[in-house]
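Labels for the chains are A, B, C and D, by order of writing; each one numbers its residues from 1.
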Amino acid sequence: MMGERMDSFIHYASLFLFAAGSFFVITGALGLLRFPDFYTRMHASGVTDTLGADLILWGMILQADGDWLLIAKLLIIMLFLMFTSPVSTHSIAHAAWVGGLNPLLGKDLKHSDIAPDRDETKSAPEAQSADGQHEGGTE
Amino acid sequence: MVKFLISIAGRFIVLSLALMVIWLLLSGYFDKTTLLVFGVFSALLCAWLTLHMGILDDDSVPLSVMPGIFFYWLWLFIEIGKSNFIVAMQVWSPKMSLSPQMIRVKAHQISDSGKATYANSITLTPGTVSVDLLGEDILIHALTEDLADVSAIEDMGRKVCRVESTMHPNLKTKAKEGGGA
Amino acid sequence: MMGHLILRVVIKLLFAPILLFGLYVQFHGDYGPGGGFQAGVIFASAFILFALGFGIKETQKRLPPTVLPFFMVFGLLLYALTGVLGLFMGGNFLDYYVLAPDSHHNAGQHIGILLVEFGVGVAVFSAMMTIFYFFAGREPEIHDADW
Amino acid sequence: MIMYVAATIAVIVAIVIALARAILGPSLYDRVLAGNAVGTKTILLLGLMGFLTGRPEFLDIALLYALMNFIATIAILKFFGYRTMSPQMRDISSRLRNGHNDGGADG
C-alpha cells in the first residue's frame, strides 16, 4: 500500500520532471532562434544544456526503478555534461571574441566595436576584427 | 623530493581507485572475475597513461577540493535553477527586453582548477557566460542588466575561494612556483 | 599558455575517465554494445582531446609517432595469429572453439573474441592516431589552411 | 510510456528549431553553437530512446555521444577559429592572417 503510493508519487514526480525538462529544452531552442545575436543566443543554448538536460535526466533517474547501475550511468552522463557543456560554450564564446565578433550591447542593442581588445600587444586587432566582420555580417 | 614522490603516488592510487569505482558502475558485473581483473588492469593502465602524459597533478585529481565541492554544487544547482527562469522568461516574453552587458570580474582563486571552476560556474548559470579568462580577469557577457550583477558573481567567486582554501595548505607555495612560470 | 586554461583543466580532469570508458567498451564487447573498433576510436579520441588542448608537439613528445606503427603491427598480428592458432589446433581460420574445446562455458569463444578484439582495438587506436598526426600535424606554413 | 513519447517529441522539435538556427547562421560561431545544442539534445534523445525501447545500453551510446560532441566542438573551433591545430594558436593564426592578406592573390 505504502509502496504503491510511493510508486505513484515517483511516477507523477517524473512526469513533472519530464514536462519541465521538455519545456526548458524547447525554451532553449526557441531562444537560440529568437535572440538577436550570437552572444545572446549562447545564453539560450545554456538553458538547454543545464536545466533542460538535467531535469530530463532526473526524470529518467526516477523512472529507473531503483536500478542502481542505470542511475549511476545517468549520473555519470549528467556529471559529464556538467563538466563539458560550459567548456564548449566558453570555447565558442572565446573563439568568437578572439575572432573579433562584436556583441550587441545596451538596451538599444547597438553594435559595439570592442571585440578584440584583449591582445593589442600580441597581434593585430584590425586584421582580426576585419576578418570577424567579414564572417559575421553576411546577413 | 620524497614529498613530491609521495604526492604523486598518492594521486596515482586515488586516481586508480576512482577509476575502478567508475569501472564497476559502468560495468555492473560484480561477479565476473575476468571483468574485474580487466577492470583493475584498465584502471592502472589509465592512471599510468595519465602520469605518462604529464597531467597527473592537482587539476586532474583534485583531492583537496573533494568534500567542499559537493556543498558548492548543491548551492550552484539552486543558482542554475533561478537564473534559468530569468532567461526562460526573456525567451517567452513577446517583447524581449534584453540589454546585454560586458563586465569584468576578478578571479582571486589561487589554483588553475579553482579559476576554471569559477569560470565554469559563471557559464553554467545561464544569463552569464565567461567569454575570456586572462590572468586574473574574467570577462563576462551578461544577458540583462539584472543578471550583470557584479556583487552576486563575486559572491560566487568567494564561495569558490572558500572551497579551495579548505584544501591543502601548500597551495601558497604552488602559487609562488606557478607565478614565475 | 593562459588562453585556454579552462579547456586544459577540464581535459586534465576528463582524460583518465575517457580512457577508462574506451577500455570499458573494449572489454564489454561481448556483453553490451561496443568492441574493438569503437574502443580504439574512443581511446584515440582521448589523446586527440589532449592534443587539442595541449598542442600536437606536446602530444608527439609523449606518444611519439614512431611507436604507432609497432602498435599497428602488433594489433594486426594479434588478430592474425589468433586466427592461425585456430588453424593449427585443428579448426578453421578464426575458429575460437578449438582454443578451449573442453569448456562448458564456451571459454574458447570468449578467449578468442577477447584476443581478436584487443588486436582490432590496438590497431584502430594507432591508425587513428597516425591519421590525426598526419592531418593535424601539418606545418601551418602550408598556405592552403583556409580552404 | 506516454511521457517518454512526449519528451521525445519535444526534444525532436527542439532539434529541428536548433537546426534552423544552424542553417540560418549567420556567422560560423552561430552554426557551431547550434551544432553543439543539437548534440546535447541528441544525448537526451538517445537516453529517451533507451528508456522507450527498454534497452538501457543506449546510455552507453549517449555517454559516447556526449564525449564526441565535446571533442567535435573543440576541434571545429580550433580548426576554423584558429585555422590550425598547432600549439601557439593565437600567434600562428595572426601570423597566418597577416601572411595571407598579402599572399591572398595566389590562393
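Following the convention adopted for this analysis, a contact is a pair of C-beta atoms (placed from the backbone, for glycine too) under 8 Å apart; a residue touches a chain by one contact, two chains touch by 3 or more.
Everything numeric here is computed off the predicted structure, so don't read it as measured data.
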Between A-B and B-C, the pair with more C-beta contacts: A-B
Inter-centroid spacing, chain D versus chain B (mean Cα positions, whole Å): 22
Whole-Å gap between the CA centroids of chain B and chain C: 29
Inter-chain centre distance, chain A versus chain B - centres from mean C-alpha coordinates, in Å: 17
Between chain D and chain A, distance of the C-alpha-averaged centres to the nearest whole Å: 12
In chain C, residues with contacts to at least two other chains: 3, 6-7, 10, 13, 21
Two or more partner chains touched - positions in chain A: 28, 30, 42, 69, 73, 76, 80, 83-85, 87, 89-91, 94, 98
Two or more partner chains touched - positions in chain D: 60, 63, 67, 70, 74, 90
In contact (per the touch rule at the top): chain pairs: A-B, A-C, A-D, B-C, C-D
Of all residues in chain B, those that touch chain C in their complex: 15, 19, 22-23, 26-27, 29, 34-35, 38, 42-43, 45-47, 49-50, 52-55, 57, 59-60, 62, 112-113, 115-116, 119-120, 130, 133-135
Complex contacts: residues of chain A adjacent to chain C: 80, 83-84, 87, 90-91, 94
Chain D residues within the chain C interface of the complex: 57, 60-61, 63-64, 67-68, 70-71, 74-75, 78, 83-90, 92, 95-96, 99-100, 103, 107
Contact footprint of chain A on chain C as seen in their complex: 3-4, 6-7, 10, 13-14
Chain A contact footprint on chain D (complex, rising order): 3-4, 6-7, 10-11, 13-15, 17-18, 20-21, 24-30, 32-34, 36-37, 40-41, 43-44, 47-48, 51, 56, 59-60, 62-63, 66-67, 69-70, 73-74, 77, 81-82, 90-91, 93-94, 97-98, 101
